[in-house]
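The chains carry the letters A, B, C and D, assigned in the order they are written, with residues numbered from 1 in each.
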């Protein structure tokens, strides 16, 4: 079994117009820049992207939107930095892109639920707020809750530190963030890692088991330890 | 910060009659035998125990039932080994103990939900079966589901391999099983470990973060590596 | 004479695809791993938190912290990983296990499975991971004796025992046949030479047909 | 002159209990960690997956893989752990964070919090972890300027901006006072010497009283 691939392009070509893509990363840690930059060149369109933040105008998730590849964004942080509008905010105003904004814990839990076979769950977060509007509510164990459904995707693009040929993955520090859950929630998971190993990772180093990973690509970033 | 304690008895005395106690372990791996044997001597009564299995007549979870300390058992595996009745099965027949039997994934997920602030969730498992009877049902994303509520407890008794004075915990192989989730779902978590360390565990070895652990007791078992 | 347990397990092992993730139930199913060479890259999942269960440990190498869901002391294969029970059932319930192979008391013509409650008086229930596995795996296979000791069919029109899950079994391996559960009822794919079509019908409750390309079911002699 | 941001943060830091788990929001709240000595065993949680955030990293030691929720390159304290985002919000939503300290646009007399949507035209929303933290932490404190630049009170009868969570704020630290949210309305616990009770009332919307034991709010000069 060897999930390592030489060409990211060959793998990314499986992403068709209209796909839902989950993208790992929090701040600058764990963003799959190697994969995103190649995806931008391939230019599939009408994508739904699931990503924690699109606030930074120079980030690659934002660049996909600027390049007219994205029709819907599911995120926790959509506001562009500064007082002016970001390109994404302009497109939002013009109705060219759809937005679903979620509390970050609900965003995480919906993705986890998607991977864990939990079709829906109740959470107290968002109840009585604009982000809870239109959602079914119920008081459970004394807490007012909203009902949230599982979120799944076609492709997860994940950034990691090391991976073995079986597809087992190890992250460096907070590079982990959404990577492990997004990998579980998508039909096909592509991981870029700085180090692709022939030998198996020791079981105690594995933070994402092989079953969730389909393809491994060498990242163009450098190793920052773990 | 030092969560290590010399005397298990002193800590276990906090467990009052009527408490709900979660007990880790799958097969013989990860059963907190040091804590359970002392708890048996202290003999609190009217306990609800949450434990994966009470099939083995010589195990300490079963011994708590035999010693008339338990009024309710929440488990996945209640059937005694062999054709005859176990002491637990006899008590069940006489109505001396109440039983809630759950599919193991539902058992795990209800405990995880208890620790993760998810008051309830839908799962397809158990739908249309005796274990789904009386539960609210709904079809979500094409799947017939039952609604399950979070499970929480007063005390978690967990067996581990190593722990540092902050309360960070490392398990050995499949000793992990229900330990990490039970620790999150209980008000007070007591961990027995074979090795209690003054120095902090490296972050990459921590499988249960310190915030979930209240007391550490040295286990009377021997180290089997990790 | 029908197949013995090892031969039933051998037959099922032949149908596993290389590279797949497989969970084996207690009893006959766990024998399947004896007939899978390591070169096939099949990863056995154990619901107590292992992906990549290897052969049973020798007494010398046995580690009481490393057990499978049947409490056997086991080893790990290269590339194996270990996780907690919530993560394990997230893996199972999330549909990441390709095949679950379970024992059964009864399987109905619509694929309903009864394998967790034998109905014995005063015996307490034991469900373990059976419901999660049967509902959630991409494919559910059953290994069982075709008939009970008192000659009743375990393949039935409707299950009489409490259900594990509805409409989940795709294939049944018995001591006399390999049978698919189809929208048209039971369909025998393979039959041992000593059993005729008529005998198969007589020994099976519920609608059963022979596939037009029904083969002879032969298994090698296995000495364990 | 009221307190500056560092002084507000300093004041809040005095109320943290040793050994507690604390999440700090962006802006003024994150400054609180500057005023907590390591001997106090306070563990700062960062919602991107850290328990035990240490001081900001020196440029030399900075690791781009080790950042906090405000994207600062940080260090770890002894005993720190790292986990994924689902585990991090399980920790938060499960009530395992003792105190969350957040910035705010408005806090209502019943403890409603508005801190995620300023209502600026055409600007997109940014909620991050604010709702999870405000709903779920055992205690929610707010650090904010008492008044807006055009002299409106940020303490209000009812929030005019979209809510983060209802009925969650327990204590407010402003540039002029420390105020508890009680069932009887705002209750000033401490007030800076240059502000009179009357001025406090004038600068506050919604019912505010002085506690019978209301103290003088003094903060040291802080040079950063």
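Everything below uses one rule, namely that a contact is a pair of C-beta atoms (placed from the backbone, for glycine too) under 8 Å apart; a residue touches a chain by one contact, two chains touch by 3 or more.
Because the structure is predicted, anything quoted here is derived from the model rather than measured.
Taking the definition of touch as given, a chain qualifies here only if it contacts chain B and chain D alike; those chains are A. Taking the definition of touch as given, a chain qualifies here only if it contacts chain A and chain C alike; those chains are B. With centres taken as mean Cα positions, chain C sits 29 Å from chain B. With centres defined as mean CA coordinates, chain B is found 33 Å away from chain A. The geometric centre of chain C is 56 Å away from that of chain D, both derived from CA atoms.
Each of residues 109, 112, 116-118, 123-124, 173, 203-204, 226 in chain A touches at least two other chains. The set of chain D residues that touch two or more partner chains comprises 82-83, 89-90, 92-93, 136. Arrangement of the chains shown, judged by which pairs touch: an irregular graph that fits none of the line, ring, star or complete shapes. Chain pairs that touch one another, listed by label: A-B, A-C, A-D, B-C, B-D. By the touch criterion given at the top, residues 46-50, 63-71, 82-86, 88-90, 92-93, 117, 120, 122-132, 135-136, 162-166 of chain D touch chain A in their complex. Those residues of chain B lying in contact with chain C across their complex are 26-30, 52, 55, 76-80, 83, 85-86, 88-89, 92-93, 99, 101-106, 108-109, 111-112, 123-131, 161, 172-181, 207, 224-226. Residue ranges on chain A touching chain B, taken from their complex, read 109, 113, 116-124, 140-141, 143, 145, 149-150, 173, 203-205, 226.
By the touch criterion given at the top, residues 19, 21, 41, 43, 45, 51, 76, 78-83, 89-96, 136 of chain D touch chain B in their complex. Here chain B touches chain D in the complex through residues 1, 112, 114-118, 164-166, 168, 184, 200-201, 203-204, 206, 209-212, going by the rule given at the top.
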